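Below are the structure tokens for one structure; questions will follow.
A, B, C and D are the chain letters, set down in written order, and residue numbers restart from 1 in every chain.
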Amino acid sequence: MNDPGQIDQARTDQATVQKLVEEFLAEHPPPTTDDRTLRAARFDAGLAFVHFDPGCGGLGLDRSLQPLVERLFLDAGCADWSARNVIGLGMGAATIHTHGTDEQRAKYLKPLFTGEEIWCQLFSEPGAGSDLAALATRAVPEGDGYIINGQKIWTSLGHVARRGLLVARTDPDRPKHRGLSYFLLDMTSPGVEVRPLRQITGQAEFNEVYLTDVFVPATDRLGAIGDGWRISMTTLMNERVAIGGRGNRRGDGAIGHAVASYRDAVHAGRAHPADRDRLMRLWTTVEAARLTNIRAAAQVGRPTPGPEGSIAKLQYAELNKAVYELCVDLLGDAGMLIDNYTFSQPDLSSAASDAPDVRRAFLRSLANSIAGGTSEIMRNILGERVLGLPGEPRNDRDRPWKDVPRS
Amino acid sequence: MNDPGQIDQARTDQATVQKLVEEFLAEHPPPTTDDRTLRAARFDAGLAFVHFDPGCGGLGLDRSLQPLVERLFLDAGCADWSARNVIGLGMGAATIHTHGTDEQRAKYLKPLFTGEEIWCQLFSEPGAGSDLAALATRAVPEGDGYIINGQKIWTSLGHVARRGLLVARTDPDRPKHRGLSYFLLDMTSPGVEVRPLRQITGQAEFNEVYLTDVFVPATDRLGAIGDGWRISMTTLMNERVAIGGRGNRRGDGAIGHAVASYRDAVHAGRAHPADRDRLMRLWTTVEAARLTNIRAAAQVGRPTPGPEGSIAKLQYAELNKAVYELCVDLLGDAGMLIDNYTFSQPDLSSAASDAPDVRRAFLRSLANSIAGGTSEIMRNILGERVLGLPGEPRNDRDRPWKDVPRS
Amino acid sequence: MTFTPGPEAEELRAVVRGFLEKRSGEAEVRRWMDTDAGHDPAVWGQAATELGLQGLAIDERWGGSGASAVELGVVFEEMGRVLYGGPFFGTVALAATTLSELGDTAAQDRYLPGIAAGDTLAALAWAGPDPMTSTLRAQPDGATGGWRVSGRAELVVDGGVAGLLLAVADTPDGLGVFAVETTDGLTRTTLTPLDLTRKLAALDFADAPATSIGTPGAITDRLRRALDIAVLMLACEQVGGAARVLDMAVEYANTRVQFGRKIGSFQAIKHRCADMLVEVESARSCAYYGVWMAAHQPEELPIAASLAGSVCSEAYTRCALENIQLHGGIGFTWEHPAHLYAKRARSSQLFLGSPVRHRTRLAELLDIPEVVG
Amino acid sequence: MTFTPGPEAEELRAVVRGFLEKRSGEAEVRRWMDTDAGHDPAVWGQAATELGLQGLAIDERWGGSGASAVELGVVFEEMGRVLYGGPFFGTVALAATTLSELGDTAAQDRYLPGIAAGDTLAALAWAGPDPMTSTLRAQPDGATGGWRVSGRAELVVDGGVAGLLLAVADTPDGLGVFAVETTDGLTRTTLTPLDLTRKLAALDFADAPATSIGTPGAITDRLRRALDIAVLMLACEQVGGAARVLDMAVEYANTRVQFGRKIGSFQAIKHRCADMLVEVESARSCAYYGVWMAAHQPEELPIAASLAGSVCSEAYTRCALENIQLHGGIGFTWEHPAHLYAKRARSSQLFLGSPVRHRTRLAELLDIPEVVG
């Protein structure tokens, strides 16, 4: 429950922030200001991440104010970088801000925000998906740094990223969660090889990243040795909020495509009387999920996203699949076709298309309940960390990592 | 896959059995033969359970022929005892036939079949539901028998039963599954107290049975000491088939009520355009389940029901709930009412009503996915024993029962 | 936009919760559910005089507190949580709201003070599935200058105990609302409700003398608005109940041991609880959004009401049935409270518009066409 | 009643499975799915000449084996299991069945031997969602005594490679079926199918010369019957595919280790597999029942076909999507076969009547009324 005093404070802050942004925009009119220049100035003004510390792109305000700021800049016609640098903005910045040294914050946050440096995430491995803490990529101390060897997978933007959020094992003799460390990897380092990973749409949004004797200086380790798991939680919590929290206007996004598909089908005489309730059932569930997101985002006084972010992630994933499945059904025979399966590597620089091929969108949606934590893992988190139910019996938690069975 | 030779044999047997029943009915015309007399003669003729041994009410034929025999007798106008002595006929007979001594078979099977002796099942306990093997009712040897103490629950027909299928713990120092024994309990024994258990429909179909220093002679132990778990599996497998295997004609049973409810709703102007597909979706699923049952029952050459019976049980339970939920929805406002919540103890002697109060049927259906093994347990069985997936890590299987945590 | 109830509403919640836990615990609910009255008059009186609940959203000029739908929603949420059996829904959500919305000051002067004081029990009666198409009939009574109401209302929430009946009836000029206070020409038949904690009666009006509230034919929009607010109060009740059964399920899963483990450690149970949580939070969002819109953006009320009306009632039913399943056999017994919630959920799902009807209305409001032929 | 395929059918299954595993493994399927032809002519020929699959259900007088729908169903089940990419569905399930059912012996003499021998690839073409309401048009060609077919068939299974096209077209006398063998007046456009293992083409007929099969206006019932049999063959394919993805899921769940355990030991996975098993067995029952009825109780065919048409396609889709989920990321890659099955499932769900259309037809057959207004 929110504290009354905090809420009053939040209302005041909202007005303050609104005023600051207006003044900033008056000084840096978006139509006549170069995008990167504007973003650099915005960072310096503390309007990049208002909940970050002053000097780090923020003003030390409440996290709940950030969506308002973003909206004000978008409404003023500024470019939307949320997709193009989704890992950096959505997860990297908060992780570096929370766990970084002053030097690391100074070095990485500004180019991340301006878009000069795109970030990617090097967490998952072929043998460590849901069980992320089982990862096997090794980081061995050498000189004033570490030598990294291993293979990462599901690296979106890996082919355009300048930097990567890397978790690697520094101590295989400790239990799995306690032998990990977190690194900020320069993707241009020798030994980093990025290979596209073709997915069921024919495209390759993701990559495999092979790390062979890659040197990372000790100054690019984030947090303490062995603290990698705890730090990666910051990244993942932010990821779930970022995934679940998309779309802010009623009827936007996938459900909007479904409404359009339904109208088309009715118009073409393809719709079935039962389709309307199927659509409306999804519409109401999507709208409920959207409202829950707004409620969660409006919670003031919480420095980081909590496990409730898994509600949004879970709903987003399951609903997106169901919505696009409906879209394909509404196509009738044309649902047996697709625009193409041509191989390509999107860099996410164009905003999401207003009218995607819904068949492609359907195929793509199948990853929603897998990437960023499967729906099964989300339900574990909700059950254990939100509702307080007991965990399963584990045989992998307290043994040295090297002794735990793996596939 | 069925063996070709077996299938040919089955076709011959079918004709044989049909002829035997016709001859029997000519000799004992149902309209002029007293029901119990007819059933006694039927038992002696081996037409009670044709797959049982000769002399035990059977002819040693394949189990798949039994449904045919039942149908022939019903079609000839014989009384249907399947509900009135559901435990005895559905589970008790097969268990006694499989595991009993010659004396036990001779003593119990005939009065069970004629209906002279109604049977009940004394398995579940307040602390042992899904985890049946955790049961705490003790059987301690004394003289030429055992003294039983404990509490059983969910005993349908307990208030009219003459005999009970009882599982009790004979050795608390052995692991849970290995310290149990199986008894045939005379419900008129001193120390047996049957108390009705009121359920959410207001009725009490089930009972609690308190056993206080009840003596059971050693001759009424079924099978060996410590063999209770294995024997109870025979009972449970037959139970699942009995529960799932109901209803043999297309459109019979709950789905028939739903079709009628839908017609009424359409007629009264209460139905919604989406209701028809909702009904038909259930109709097709019910019909598919019915066909799967027929397929399973037609499998020849299998002496006892296998774990596939859990498919039927699972489907029956989930579908029954969904079907009656639809029936209530189709009532509109009247779904907010019920005929009554009056306390009563049904003895199942009347055949299932053709037109039950669907609101009551809905409430009753909520037990379908609990009684006789929850749907969760059915899915465990299908996953582990049909599909061969690994079990969960267990801490209760190999320790002495007395050391295992219980609630 | 923030539509979560604010600090004042949360303070109110704490007071109401404390009161209901003390005066309407499970034992009280069970004791009164077996009576025709369904509630303890002393508790009702206390709610009115000490807490001012009946008058919470009634304007101050009629003895109320003039609070908004947001605060009233909190009260319904708390009542839903404990299955409070008094005629609060009929009296406050339906009758008082209708009087407030219809804006007939003479009727308000006459009836609202009694409701706010806890002296008047009231109900809204109609015939047929939807009040807006009620088939009760009213005709002017030339002799008295009043009206006469006829017809049978098959199912009236709190209709058995209400001294004041507001009958929605058709007239030659269109739909009207009529106050019936006498017992002349009125026959009440007590019904057996699926949900024993919400009393139902059938009412037969036979030329019952009545007073018109507002002008027949001119009250349609206002009545529709009153009903939408009532739908939202029902949604709040449903959120309270759904949250309560989730608590109950989690508590049991954290206690019951089978196979040597707490059953909540099994994914079959844990994931079901997680899905219930999603349902509850979805329902809560829709209900809170709805009452906020009722209070602050009335033009959004129709969409918000039907959104809540469909989402909250289905969420409650799913959670309540899941709670029984999760409890296993014990949840199927009369002695365990699980069934009381399941019956309330199932029953309230069919009241004031089924989910599918609310979704159809939403589609109409959003101009999403139906499929013809 | 026993409707499980009998011993002869099971012997056939063993032969077909062995053949397809050897000649149409995943590598072959992938190689050919990137071609327009979609299949290896050598394998097609071998299927016809060595195994007699194309002619299995064609009468012996035309070089077939005269087997029933039960045996043919087994072949489709096995082909569905490996996603065999040859034009078997168009040629056998649609064209040969239509020729067999229409009973025009001249046409049968002319076309069936070529199909049975594996020399003729064929397809059934229509315009619009349902062949029974095809909007292709045919008119008599006074000059030749034949017919001319016009119109665009947007989506024809195996239409790109078929030398024999059977066009369902409307005439002044009613619906007819017309054989088009020439390339005059015919334009084929290759389409990109969602399911690359089943080739699709759009066909434009512009006064294409054609021969009528049977009498226009008099073939409706027979064509409907042929389509119902094709629906059942599709259902058998779906059962084969669904069973295969279940196997794949179980195998992975029994192999993949996370959190120090095989993932199949987690209830979240295990129960999902159990639900898949229920789906597969339900689908299998409906498909087997359907082909049995087609062979032995033709009056039951319409109900049996639409039952299978709705149940099997939904079961396959659910299992195929679940299989991807169960595999996690690897199941989302192009290199893993999971997506091939998902695409086949999704695509065949929309072919020859969607599940909701089949359920609507079932309701009509069972005289279950629709809701008007």
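Keep this in mind: a residue touches a chain if its C-beta (ideal position, glycine included) is under 8 Å from a C-beta of that chain, and two chains touch if they have at least 3 such contacts.
Please read all numbers here as calculations on a predicted model, not as lab measurements.
A.B. asks: Out of B-D, A-C or B-C, find the interface that copies A-D, where copy means more than half of the contact pairs are identical.
C.D. replies: B-C
A.B. asks: By mean C-alpha coordinates, which chain is most distant from chain D?
C.D. replies: Most distant chain from chain D: C.
A.B. asks: Round to the nearest whole Å and give the separation of the Cα centres of chain B and chain C.
C.D. replies: It comes to 42 Å between the two C-alpha centres.
A.B. asks: What is the distance in Å between the mean C-alpha positions of chain A and chain B?
C.D. replies: 52
A.B. asks: Which positions in chain C touch two or more other chains at once?
C.D. replies: If we look for residues of chain C contacting two or more partner chains, we find 261, 266-269, 271, 356, 360, 370.
A.B. asks: Residues touching two or more other chains, restricted to chain A: which are they?
C.D. replies: Touching at least two other chains: 272-277, 376, 379, 392-393, 395.
A.B. asks: In the complex, go through chain D and note every residue touching chain A.
C.D. replies: Within the complex, chain D touches chain A at residues 129, 154-155, 191-196, 200, 255-262, 266, 268-269, 321, 324-325, 328-335, 339, 342-343, 346-347, 350-351, 354, 356-357, 360, 370.
A.B. asks: With touch defined as at the start, can you tell me which chain A residues reach chain C in the complex?
C.D. replies: Touch residues, chain A against chain C: 1-4, 7, 251, 259, 262-263, 266, 271-273, 275-277, 279-281, 283-285, 287-289, 291-292, 294-295, 298, 311, 314-315, 376, 378-380, 382-384, 386-393.
A.B. asks: In the complex of these two chains, what residues of chain C are touching chain D?
C.D. replies: Chain C residues touching chain D: 266-268, 271.
A.B. asks: Show which residues of chain B lie in contact with chain A when the two form their complex.
C.D. replies: Those residues of chain B that touch chain A are 272-274, 276-278, 392-393, 395.
A.B. asks: Show me the residue ranges of chain D that touch chain B in the complex, using the header's touch definition.
C.D. replies: Interface residues on the chain D side: 1-4, 6-7, 10, 246, 250, 253-254, 261-262, 264-267, 269-271, 273-275, 277-278, 281-286, 288-289, 307, 310-311, 356, 359-360, 362-363, 366, 368-371.
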